[in-house]
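There are structures below to look over.
Here come two complexes built around subunit A, the first alongside subunit B, the second alongside subunit C.
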Partner chain A sequence: MSAPSPTPAPARRPLAAYVVGGMGLRRPGADAWRTAAITVGCVAVAVLLAGLLVTISDGSPSEVVDALYTGSIADAAGWSQTLVNAAPLLLVALGACIANRAGVFNIGQEGQLLIGAMVGCFVALRLQGPGWLVISVALVAAAAGGGAWSGISAAMYYTRGVNVVVSTLLLTFIAIQVVQFAVLSPSLLQETGIGNGPARPQSDSVPEFLRLASFGQYPDLTIGVGVILALLAAVVLAVLLGRSRWGFRLSMLGLNPMAARHAGIRASRLGGSALVLSGAFAGLAGGVILLGTVFRLQPAISNNYGWDGLLVALVARSRPGLAVPVAVLFGGLRAGSSYLAATGVPDYLVDVIQALLVLAFVVPPVLSALWGRRLRNRSAVAETPARPSAAAPAKEEVPV
Partner chain B sequence: MWLDDGGTVLSSALRLTAPLAFAACGEYLAERAGTLNISVEGMMLSGAFGAIAVGSATGSPSVGLFAGALIGLVVALVHANLSHRIQINTFVVGLVINTLVLGVTSFLTQIMEFSRTQVAVLRIPGLADIPMLGVVFDQRWPFYLLVGVVPLTWYLVNRTRWGLELRAVGENPQAADVSGIKVNLRRRQALMWCGLLSGLGGAYLSVGLVGSFNNNMTAGRGFIVIAAVIFGAWRLKGTMLACFLFGAADALRLALPSLGVELNAQLLVAAPYLLALTVMVLMAKSQREPRALAKPFERGLV
Partner chain C sequence: MSHDRARTDGPVPALELRGISKRYGPVVACDAVDLTVQRGEVHGLLGENGAGKSTLMKVLMGLVQADAGDVHRDGVAVDVRTPQQAAEHGLGMVHQHFSLIEPLTVWENVALGEPGRIDRDAICADVEAVGARYGLTIEPTATVERLSAGERQRVELIKALRRDPKVLVLDEPTSVLTIAESAALFEVLRTSVAAEGRGVILISHKLAEITAATDVVSVLRRGRLAFHCRTADTSAPELARQMVGRDVSLRAEGAALGLVVTDDPAKHLTPVLQGGLDAVPAEPPAPEAPADVPGTAALALHGLCVAGPDGRILLDSLDLEVATGEIVALYGVEGNGQATLGDLLSGLMAPDTGEVRVDGRAVSLDRPGALHEAGVGVIPEDRHRSGVVLDLSVADNLVMTDLRRFSGRFLMRRAQIRAQAEELVERFAIRTPSVDAPLRTLSGGNQQRVVLARELSANPTVLVAAQPTHGLDVGAIEDMYARLREAAAAGVAVLLISTELEEVMALASRIAVISSGRITGVLDVADASPQRLGMLVGGEAA
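For the complex of A and B:
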């Protein structure tokens, strides 16, 4: 027992430390090493399975790896394409991180993204004004659209107790039809048609001066505004979620709603705003896709970015800092998939790889915790043979 | 004239209802045990693919049909062990399984060649000649499996000890656990039934309705099934009624243009989801859903 010493004032930490904290990089314990080992094993199995698929399609695994590499990170042009794909994935994933932290599982990003793109398109085509203003308003409107769409789910959950997963899921399919309707109605967004060809189910093209700027020329690295926006958002969120009072309250609500309630947190306000915010991020991703790459509203504009972005958040375990490399990885896979055609292997391979990767990162922590508990139980039983009942809480329900 | 039209629409409504009804029986049972199973879409899609693959390899669509059901069962095994054995969030598992099945089936469809294969129509003599309603007795033969599957599901849930335990697990897993019921085992078993029937529903879609497989051929039908169970307020009768309603909406969407009626197609497609959400909002307080729905169970203090 030492005499109580005056606690030194906490030193102010550099910003980088906060970001690292947001990435969840802490001193690894025994469980962390075991998790890492299992993860390596699972990723190896995932790669093997993907290789098996390649082999039965008469492709050569080395060619596939080569194609994926060439399309994604071999040169500056590949990197540009990877980053363009990664930006919307990252934005969606960041939103999913917020909702997951708060314990509300939003799986309707695909729909929220579509609604965001639709609202953004509406603003971009109808609003008159200087380019920078219209672009900003369109992006904000896209975020608001996505947020409103998930806000419906929030309202239904906190007023009527409707399950968030179900409502966000069902609203996605309604959103698809809403967008379909918008691009089929000449009074809303259907293209005005050039000449006398029939108007297709898509909107007019967004004029040149309203497209998101990108820095750099084709053979060199080009970085669009969307990428910068997504990266900035990731840093800000990493700090906010990891270090701010808001982030702490959010985690508290997610980890133990009862304790949060007793600490004076209003679930409807905090959780509801988290859900709205996650929808807003998905909507913003829709706006970025619209003004950054596709330039017109089509029913297929979402291109699974919503679903895949959610997968990114799952692999990153809801940590914004980790979501950045994972989004780049998934974006790279998407970019590389366009080079697969030459190898004769269907580009659906990339979808399979993504799903397997998610499993390979989601299973290990759970498995590791389970094994850790069983190991501890076993050693506890060995040490205290006199009190087996107290030492070994029954666990036969969860055999390995 | 309108009798013929009515018969055509009814026939197409029945054909579109059947896949939903098979899968909905399974989803209903799984939800009564407390699993809100969103991988029903993946189970149906894998069943549809497996049925065509095996059917075209063996030359017998009937063998394909049963193979489809078995493949749905395999998918359910994966889901059950991940979510009710090592306790990964069931929605995460469902989402990944849906993505994985969609990717694998699309991949395999591109590298394999399948011949068309379709089960035979079973026309029940006499009854099939009734005007308009006769179409009920003029369907592909697996359609009549519904006559066995629906009552069997009802019997299992409501009249057997297993079903009683299943419902207990879905309502109050803690109480079920202390009375000696293996909660997660029951939930896994419920998922097996769901996988078997969802696979059958998907197989009916491919070797029954269409005769071939194309990418993402279930196209969200699994989610309509979830909507049907909700719309039916977690009762089998209501669920089946909802399936027919949604099947009819689908049939109407296809039939209306040829009948010269203008109705918004997008509204009809979205109708199941809109109805399910409305019902959930309106009936939220009547507490008809299993109380432990979508809540994982781990033994210990609550």
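For the complex of A and C:
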């Protein structure tokens, strides 16, 4: 208790909460419609800006759209690539959903993913045994690695109060160095040079029988185990976050830690485990990339999947169900970007377009909240009658 | 309205509001309100929550544009569209919720919002000069977060007075002050008014203050000017009736309204301390209260010590017992450890030493939720902070402390939650569009009912109610009082933590007084007089 405070002003949701989202229990109201309308407007602006960018970099917008379409969803092969890209994005996003619900904002998925890939690679290359067993252990180890990495942040936060955003971010840069070191040390993971070439900074390739299976053959639709895993996780998590006691407690903790404590929740345990779990999902994504597509540990293996996955969660407002289509969209953009070279437009333009899209989805709730707050402030000035008739219950918070 | 035409003739009024109307959609906040403030006059503005007081003042301060009506200063019509214009026209206001920046110093807060170059020394000198002139001594280099509520208000007052306002508006200035601080404040208002011919508008819903400190009083009811009169010509019961629009019993509602009838309104608030309360028939103590049955202490606090992070002693070996079916009030001035005790009994913190026993069993205070499981229900002082989750639904808020009861192995039992919520909404008359509505959309009184309903639905042994009526309007306050009495009658040990003397006298059978984190005395309500309580509050033995 510090100096006495006057009667509490009605608490506001912090604006950041509108970005992170994470309260799956609210019905759509006027706010939701306003947000939807603003979103449509913002996406239109983003598409317009993207077209403008393409035009001034001497490209033709229609060709770019065509290339993106061809590369992503024009045919089965495109879809296959889109889904392969979407799986790790979705896994990372699911983890971010958990942490965001609990009110701990993990932004270090890129690093957790790298560590996961590294640990998974170590297990896959060193552990002897039947394929299914080694693959399972490697994936679990990858998740454990990512979880341990975010667990460092959790431990620092709950024992010493170190800001989670800062520590998870900075640990990412350490993770990059750790992986660099691992693939540069012959005693650890650097490849055993074959023939006369010098050993490059990457690990040996994971043997064929340890790679994740996929169903279907090119040029038909192929669906990898990673995709199935991510989808399963999304369904389970959607149910758990929306309907389980654990999900309810996470929401409570994220929305009001004090009330949560009063209700018997130990923040360090629940919030800490949420942070570890979110890191574990990122680590699992690393394992899936390693065993599903890249097959060897390289410093660039993360390929921004960590950052982009976080963006998927942001756009999906921390809802696992929404994260699925968003991850597919982002996966499609990634797949399409590889076809851009033919149009003469630099492929990093896709990153710019992607960023514009993220902004178009992330900004509207905040705008809507600001707008709503302004409307409310105007109407809050009107003191609601002391005894509103029972037929018209007070809709807005009555100023006290 | 015949009153408002009967303006005092004579000098040109310092401020005149004519026919101010403001509507928000279907809600008429102000309906052709006239208000005249003479120079050197303290004008009381009374009204319940939502009567239109704040809207009227916001119009005056340029925070809100009126739909109709105009503002005259010294007989000249002025245009007040922004707070800056209001300041130029010599209108100053001290808001109920202080607008101070806590980490900054006093002089920095005073200088805030002023155009031009900031001269630290000049402002510090100003603060001291203004302070000396009005008896508002304050150290200009002190940091605001270390100041008490009374001192903070001084800062606000100095800030307003330094700009030399011709009309000063004070919105509920005493809601956070002690009786002595309130008396001092009114003394300052008198001197500043009498000596300098400023007009003062004093907004309050406490009748005792209005009758003690004002010259003229206007009552707003549902946006209309309901009553206007010289204070000397009216009485507190009359004002109460005008405010509520019906007769008010001097018992529960009297306490709710802060209705402490004083014989001599010319005296400031001191009469409250001089037996003024005798005029109010104090609520007889709950007859079923077995205050002196030994060995039945449902709640026992033993030697609780808590030191703040800065080493300040917040609770100093506090001992207190509450028996089954008894309402014990913990009375004292805000900031003497009540908030710490409230946090402790809400399970938000653990004491350095000491123990809490419920029904004779010690509760391990380190574990979140342990107190709740032991049967302690809490209505926290700041419900938004620890009592509710605003973004969850009413139903979720009603069950959130007993999740295990409402969930299976993994999943929540939605149907069961709904049923429980609907029953509680019915039983506690919670006004909500549906149990799925976010709690945020409920009014303050209904949010408080949600907290009360949840805590009582767990059949607690002990109910701790910390400032349970803070910020509620009269109807909600009456309801809260009835519920607390009901709970005690049903055998719950109720600990009422309150800073409102009237509330304590109306509800409790025993009153424990807290000062600087320790109990300075426990009195049966029959033995408690305002004087004795006042001495104990001041930390002296009575």
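Just so it is clear, the second predicted complex is superposed on the first by the 347 of 400 C-alpha atoms of A that agree within 3 Å, B and C clash if a C-alpha of one lies under 4 Å from a C-alpha of the other, contacts with A are read in each partner's own complex, and residues count from 1 in each chain.
By our rule, contacts are C-beta pairs under 8 Å (C-beta built on N, C-alpha and C of every residue); 3 or more make two chains touch, one makes a residue touch a chain.
The structure displayed is predicted, hence computed values, not measured ones.
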Partner chain in contact with A:355 - subunit B first, subunit C second, else both or neither: first
Contacts of A:314 with subunit B and subunit C, given as first, second, both or neither: first
Which superposed partner A:170 touches (first subunit B, second subunit C, both, neither): first
First, second, both or neither for A:367, with subunit B first and subunit C second: first
Touched partner set for A:47, first subunit B, second subunit C, both or neither: neither
First (subunit B), second (subunit C), both or neither touched by A:74: neither
Residues of subunit A that lie at the interface with subunit B and also at the interface with subunit C: 393-395, 397-399
Contacting residues of subunit C [partner subunit A, same complex]: 22-25, 27, 29, 48-55, 58, 63-64, 96-98, 145-149, 152, 175-176, 222-223, 308, 314, 334-335, 337, 339-340, 343, 346-348, 367-370, 372-373, 378, 380, 382-393, 396, 400-401, 403-404, 407, 410-412, 414, 431-433, 436, 438, 440-446, 470-475
Subunit C-facing residues of subunit A, complex: 1-11, 13, 17, 23, 25-27, 239-240, 243-246, 248-249, 251-252, 255-256, 258-266, 378-379, 381-387, 390, 393-400
Residues of subunit B defined as touching subunit A within the complex: 36, 38, 82, 85-89, 91-92, 95-96, 99-100, 102-104, 106-107, 110-111, 182-185, 220, 223, 226-227, 230, 264, 266-267, 269-270, 273-274, 276-277, 280-281, 284-285, 293-294, 298-300
Of subunit A, residues touching subunit B in the complex: 53, 56-58, 105, 107, 156, 160-163, 165-167, 169-171, 173-174, 177-178, 180-181, 184, 307, 310-311, 314, 346, 348-349, 351-352, 354-356, 358-359, 362-363, 366-367, 370, 393-395, 397-399
